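The structure's right below; bear with me while I get my questions together.
Order of writing sets the labels: A, B and C. Residues in every chain begin at 1.
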């Protein structure tokens, strides 16, 4: 290892540990208070449509098949077959070997194809394998790559390794956008979430994302609040805007709206677009559709009236 | 996307405000002897809510006599175990009617429903619940094997937390075996009168709780009455001093919870985002109508600029307006008189050379409103650094060393509360040892709990409310 | 209990079962034993718990410990008070069961009253015990130093034969501070214990905080006394001359043991039964800039 890298590693460590701390009680209190915002009537209608357009419609199962992916893509193209006014979700998110299926199904629709990569969800593979995984997804036509960081290296304090991996994956992405999954459920503290956010942004992340959805807890409001503070501060310091994506465990319209409130009152309106805020989810979409129709018709809806995909 | 929150008003239909209210004496609502009354208004709209009886000397006599009779015949001799069960009943009734009480509090006081619903009312119920538990455990409170009550307590409370201050006064008094005559503030009498109804629903023996409404003169008659054994007052330091003079030379036991000018001290190693929240909560909670408000921000010079930038950005997201809207952060100023006082002191602040800043903020046309306000460049010699403004106005000062922070924080006749923001535990404790204040919050602010004693040093008053220590105020020890 | 039949309607009888983890299972052993009233008439078959039921009850109590001890004291107090409310609501049922156990009408009613008041007494302790049993310690040095009581863990309780008042007087002080427990009910008069379990199950008390076994004390107590995942043992219902072997078994993992003693369950209970199942934790922290 060259002395320059060692110096870089030391600087990175000093920088990350020099960030202001996060008080757990305070941040959870703030998130809970924002969660109590009451979004009704016209604001709710607006929020529901915004949330639908921010969904990364996701299937990440070992049992995924081309058929399953095509069905999900069909859902993305027509979320509510009875109502063409419903916006389309931002992207469909699949494993890298199924990118081609999704690309084919979504061609020309404007719905992006996102692929998880880098040995998702554990991230436990040699760098070469992670890069190969990434390149395969990009070559198959993925617009966005959702990578996972090496949490083991992060928790062991080897920030430079995590940084270098992100930078290498970013390079492998080419024009594809890079979302960096921090897997906050394994980082354990909000201090770590803030450090990992900055680390990923400095290494070139276009988005920082909470979770794989395979670890509990997945996305939470306070974790997302800390990440939103990080992108806000990073933008103020560097002028570069980075997006945020909570993923996993967001199942209801109420949950989704709480996240939008968090964005609105932390990072600000500039982030309230699918370009800078996404929600990784699967069952959420149907709940948004049900609530949307409830607002329009004034009648509580049942799941039999919405497609299961 | 333009994410404007649509109005989300809490329904006012849950409350039923009567056109007029009498005095609650000896278990009944009665008309005042002299037939005088005053109006209470909704500070957010300036609409008159109700006519409320004004108690005169004869009424106060009657209330004290009722309290005395109840003390001698019923409440004093009653076993603590039974008193406890009455207080538990009251706690439960408050929980059951808490939304109604929260809405009424917001209408009469102007505070946001989010606070009356999520802070005031849960604390009110908790206060009765906690003290109910003490009624049969006084022997374990550290005041000897059988501490005795004092008798009749005269209690005068302010308008900033009308029902919560009532709870802080009545719950420990009753738990210890005293009976009470309580005077709510003239601008916020309504929840106290619903509390009187709750006493009836609880079958509380008549005369144990008496509520006499009125203004300063009623309060004076009450605290100066020969028939009371205990005076408890929460309010301004000026009135507190008058009361201390008036009870001088009597047998009356006195506790006072008065003004404050708390320093919120932020060090350069503070958790910054939470510190900003704490500063906002410290001064803008309840429109700054809080005796323990963190009205002086003492920030370490090395991070002053960064903190102020963040603070301003955060202040710009505060939502000022309809107290009943569930998304309102800052409600109405309680009265025209208080609004005038806040304006006057703010203008003095500008004249004395401090820089004034408020976020762009549209205020309603009717009602009493004041935008959240920040003064920078404040010196210790400025009046806005020394006098209690009791409004949403924050004075920002800087310091260089911990010693200087302590010196500035303590450089006030008040001593109610203080805040410390640093991630270094030993510095928190070092600061806490040196701050001359009755409550010190570290990395948080404006936290209250019935188990935790509250009260001031110096001219912020004496005596504690809450916790084991708070019982002493109502025991003959 | 015969009054309804006398009025011409055949009563529907209750099956008395165990209470483990918030559920009401029969004994895994399939055994029951008959319980008779004071005049020797059959009342009910009661589950006769086995060592395996005791083992299951301990694991239920352990599972519940983290959540229960992590609740705020205020919340625990609210729940204990809720138990009192629910118990008051079943006043008549408990009077019937106590009369069947041989108490006169007034004595039975008084005992139920006292049992309700006992819950109220302990409910109030939840958020006061730390203020009475804890302390700020003025150590000679630049240190902040406080001692606070904490619950010891899973407590095995052999309940006394006072079938309701004695029973609540040993359960409430254990759980109010955050412990969870496994209780062996009075062997001759277990019915009020099972009915109390129904009260607990409808009082917002999380499942597993209190687990109640009916059966043979002599069979169950040694297994609980020796169990390595039990932290403390209350021998209230054990005759003084039989406590020795149980204490010896308890020594295997140094359980805190509350020995049997002559107790007047109607008297002011004091705080001894609470402090018996508390650890004291002292925290040091330097004071300096």
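Everything below uses one rule, namely that a contact is a pair of C-beta atoms (placed from the backbone, for glycine too) under 8 Å apart; a residue touches a chain by one contact, two chains touch by 3 or more.
For each chain, UniProt lists the protein as follows: A = Deoxyribose-phosphate aldolase; B, C = Aldehyde dehydrogenase.
This structure is a prediction, so every number in the text was calculated from the model and none was measured.
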item	value
Identity of the most central chain, Cα criterion	B
From chain A, the most remote chain by mean C-alpha position	C
Averaged-CA centre spacing for the pair chain C and chain B, given as whole angstrom	41
Centre-of-Cα separation between chain B and chain A, whole angstrom	44
Interchain centroid distance [CA atoms averaged], chain A/chain C, Å	49
In the complex, chain B residues that touch chain A	1-8, 114, 118, 269-274, 277-278, 317, 326-327, 423, 443-444
Contact set on chain A toward chain B in their complex	20-23, 25-27, 29-30, 36-44, 46-47, 50, 229, 260, 264-265, 269, 272-273
Chain B partner contacts - residues on chain C that touch it in the complex	73-74, 77-78, 81, 117, 120-121, 123-128, 131-132, 144, 271, 285-289
Chain B - residues contacting chain C, complex	81, 84-85, 88, 126, 129-130, 132-137, 140-142, 402, 425-427, 429-430, 433, 450-451, 467-468
